[in-house]
Amino acid sequence: MGFNVIGKTIMKSLFGKPATAMYPIVKNEFYPNTRGRIENDITLCNYCGLCGRRCPAGAIEVSKPEKKWEIDRTRCIVCNFCVQVCARNALSTERHYTTPMTDKSKRITTLYGEKEEPVKEKVQENA
Amino acid sequence: MGERTIIPFGPQHPVLPEPLHLDLILEDEKVVGAVPSIGFVHRGLEKLVEKRDFHEMVYVIERVCGICSFIHGQGYCQTVEGLMGIEIPERAKYLRTIWAELSRVHSHILWLGLMADAYGFESLFMHCWRVREKVLDIFEETTGGRVIFSVCRVGGVWKDIDNDTLKRIVTVLKDVEKEIKELSDVFIKDYTVQKRTRGVGVLTYQEAIDLGAVGPTLRGSGVPMDMRKLGYAAYGELDFEPIVEKDGDCYARTLVRVREVFQSLDLIYQAVNKIPDGEIATKVRGNPPAGEFISRLEQPRGQVIYYAKGNGTKYLDRFRVRTPTFANIAPLLKMLPGSDLADVPILALTIDPCISCTER
Amino acid sequence: MSGMNALLAVILYIVLAPIIGGLISGVDRKISARMQGRYGPPILQPFYDVFKLMAKQNIVVNKHQKFYILCFLIFVIITGAIFFAGGDLLLAIFALTLASVFFIVAAYSTYSPYAYIGAEREMLQIMAYEPMVILTVVGMYMVTKSFNVIDIATYDQPLLFSLPGIFLGFLFILTIKFRKSPFDISMSHHAHQEIVRGVITEFSGKELAMIEIAHWYENVFLLGIVCLFFASNPIIAIILALLTYFLEIFIDNNNSRLKWQSTLGSAWIVALILGVGNIAFLALL
Amino acid sequence: MTGQTFKPVTAAEIVEKTKQYAKDGYRLIQIHCTKTPQEMFIIYTFEKIDLSCENLKMDVQVGDTVPSISGVFFGAVLYENEIHDLYGVNFSDLAVDFKGTFYETSVKQAFAQTGADNKE
């Protein structure tokens, strides 16, 4: 039994460097494995729709005739299941997280495969 | 004796950011009765099993709880594997064990911090959580997630940890062990901490058994029950004994958890030394057959029970989770009457409540 | 001190005390944070907080509560004014007790169960620290033969040497007065675990800002009493006061909160042994 | 792994059986209800200190009244209230009866319907 058992520890941290980071100024380091967000290399995708059917959260929508691959970033739980089931290895997990959004219409990312023109990426308005 | 006051404890109470509501009936500052109500965040995840096939369901079950998410995933997979009669590769068993024990380490350190906060020991709280971050970093490095790992699958695991990384993890954990040693001294030796925890909320041996207490709450009362002794995953090949304390008060429960942190670290070292090379997953063919399976696992908070009922399709008929907190509410109700109002946060925390977990 | 000087001291106190008190509180938060391994808020954070509270919508549970809080603030200021004008120390202490009573009445007037229990505990705290405060004043009187702050302050020898027991006893109850662990039972920056925010649970906006400012005044007054123990050398006195405050922060970060039973018991035992012991020693000399 | 057998039991015998288990050193660890399109039953799980475990299985229907075992094991109160709120099975002689307020779900007896029921 004793008093001030933690005294040494707190004096050590008083004169040492804080363990926390000044967040917006100092960015967090991610590991190569970090699951941030799902990305699709649309040139490899064959729009089979397996990722959409297997998604536990129902965040992915694929349309074969339109050559469209669409993900709702706020629904996605980044479980990586779509990446694991993708037969053509088109899907991958980016290290960086989806940035927070104030505008709900930005939550859906849609990718279109090439029709005439090359790959283009755009953020769809309020789907 | 003063008038009776009713103090509403929760669902939004600063000590427990979880939706448990207790109506505490007070006489002066003595609690004479407590009526719980839960159900504020009931999500019906168990019911979702009828709409998600048994592979996808892993990710749903993992989200039952944020702290012991890995063991939920593991338990689900183990139950479905039991139902389907799948034997998973040895390496996968060891990897599951390592992640599960790391989960236990981080959960117990988190709990120690919260406990410190319950009796107003802010610096201890912060230091505990600082140490915990290092364990979370290991998770992020090996699985990609800090809290929800999504590495378990029916038939094994998704990701392997190579042997060099395992060795590095051990060195990091040795550091963590040193720091926890320093902090655990405070829980064990500090006068003010002892003053708040010793003799508070005593649960006797027989009460703990009869009321169905689980985990550290049970072992703090001297009952040597630890589901890991069933030998699931790789626990059958590792050397450990359930940690037991006799007193049954908050101090004993704290001590059980402190000692379990070191035990878990030791189990990880053992597992890293013994881990065999090989496959990390077996191929799963077909759907779960008609039948029932019950499995019991040891979570940081205590025993968790899973029940699965298959019907031959890819959707299970029923999946049931009995979380440890649910079992521990009855002992909590036993402990509360007769305590001081000042003890209520400590008692509520001493069972390590995870209400969101309880309301699957 | 002439009347003019006394007036000047009071004006300086009224203007400077909140600034000093706020800064001390800011430094307190910073040091606490560093002890806990965090960066902590900017030193000016308490001022930002108060300005923000001032701008908040005013919500009252009971229309009288505002009056009680105003009285609390005014009496705390009067306490400090008496003290820094060099007036009667005993009167200052009683004014402070009166302020605390208004604070408790304000808490009772809100009818919140949390504030109710907080108020009960606040009263127990007053019971706990008041004997030691009185003993401090008595001890000072026995050495300097005067209750007037001006006489005590200009006494040619440091009181610390003749009143070491009383000084330690006073440090002990300062932990209660500053609302630091292990005795932050009625309200504190982190007593939330048991009774949410204790006494001040139901106050918001301007009233909360007034309470905060009153605490700054109070803290400066209390540190003023600490300075009295080494008043013959003002620089050492200020260093002593700052060291005292640092010690309180250190204790705050070193202990868990105790129950009211322990608070009351230990405060009285300390008052009995250190306070009465010291006075008995002085009387025997 | 032990505890994969499910012994049938009827509502009339459940309290007696539970008392027998209590005498043999078992304790209650869980009760749960299952409803599938074909059947509905309650499973009681008992566990001994040596980790061996036993299950009882009792067929019920929505709206049935079943005797509560909370007189033997107090912890049963929570499980039985849960089953009452989610499946609509009534329990008699509950030690603490929340009267349907244990889980405040927006749909009463939410689990009493299975996905297959809804489709019909």
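Per-chain residue numbering starts at 1, and chain names A, B, C and D are given in the order in which the chains are listed.
Please note the rule applied: contacts are C-beta pairs under 8 Å (C-beta built on N, C-alpha and C of every residue); 3 or more make two chains touch, one makes a residue touch a chain.
What you are looking at is a predicted structure, and each value in this text was computed from that prediction instead of being measured.
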Legend entry - Chain pair, B-C or A-C, that carries the greater number of C-beta contacts: B-C
Legend entry - Euclidean distance of C-alpha centroids - chain A vs chain D, Å: 42
Legend entry - Whole-Å gap between the CA centroids of chain B and chain C: 43
Legend entry - chain C and chain D: spacing of chain centres that average the CA atoms, whole Å: 58
Inset, instruction - State, to the nearest whole Å, the distance from the C-alpha centre of chain A to the C-alpha centre of chain C. - result: 51
Inset, instruction - Would you pick out the residues of chain D that each touch at least 2 other chains? - result: none
Inset, instruction - Any chance you could list the residues of chain B touching two or more other chains? - result: 123-124, 127, 130, 190, 192
Inset, instruction - Note the residues in chain C that touch 2 or more other chains, in rising order. - result: 35-38, 253-255
Inset, instruction - Spell out all pairs of chains that touch, sorted by label. - result: A-B, A-C, B-C, B-D
Legend entry - Contact set on chain A toward chain C in their complex: 3-4, 6-7, 10-11, 13-14, 16, 18-20, 22
Inset, instruction - Would you mind writing out the residues of chain A in touch with chain B in their complex? - result: 1-3, 5-6, 8-10, 13, 19, 30-31, 33-35, 54-57, 77-81, 84, 93
Legend entry - Contacting residues of chain B [partner chain A, same complex]: 52, 55-57, 59-60, 62-63, 123-124, 127, 130, 133, 137, 140-145, 148, 150, 153, 158-159, 182-183, 185-186, 189-192, 194
Legend entry - chain C - residues contacting chain B, complex: 32, 35-38, 113-114, 116-117, 120, 181-182, 184-185, 188, 190-196, 253-260, 262
Inset, instruction - Provide the residue numbers of chain B that touch chain C in the complex, in ascending order. - result: 5-8, 13-15, 29, 116-127, 130, 190, 192-193, 195-196, 340-342, 344-345
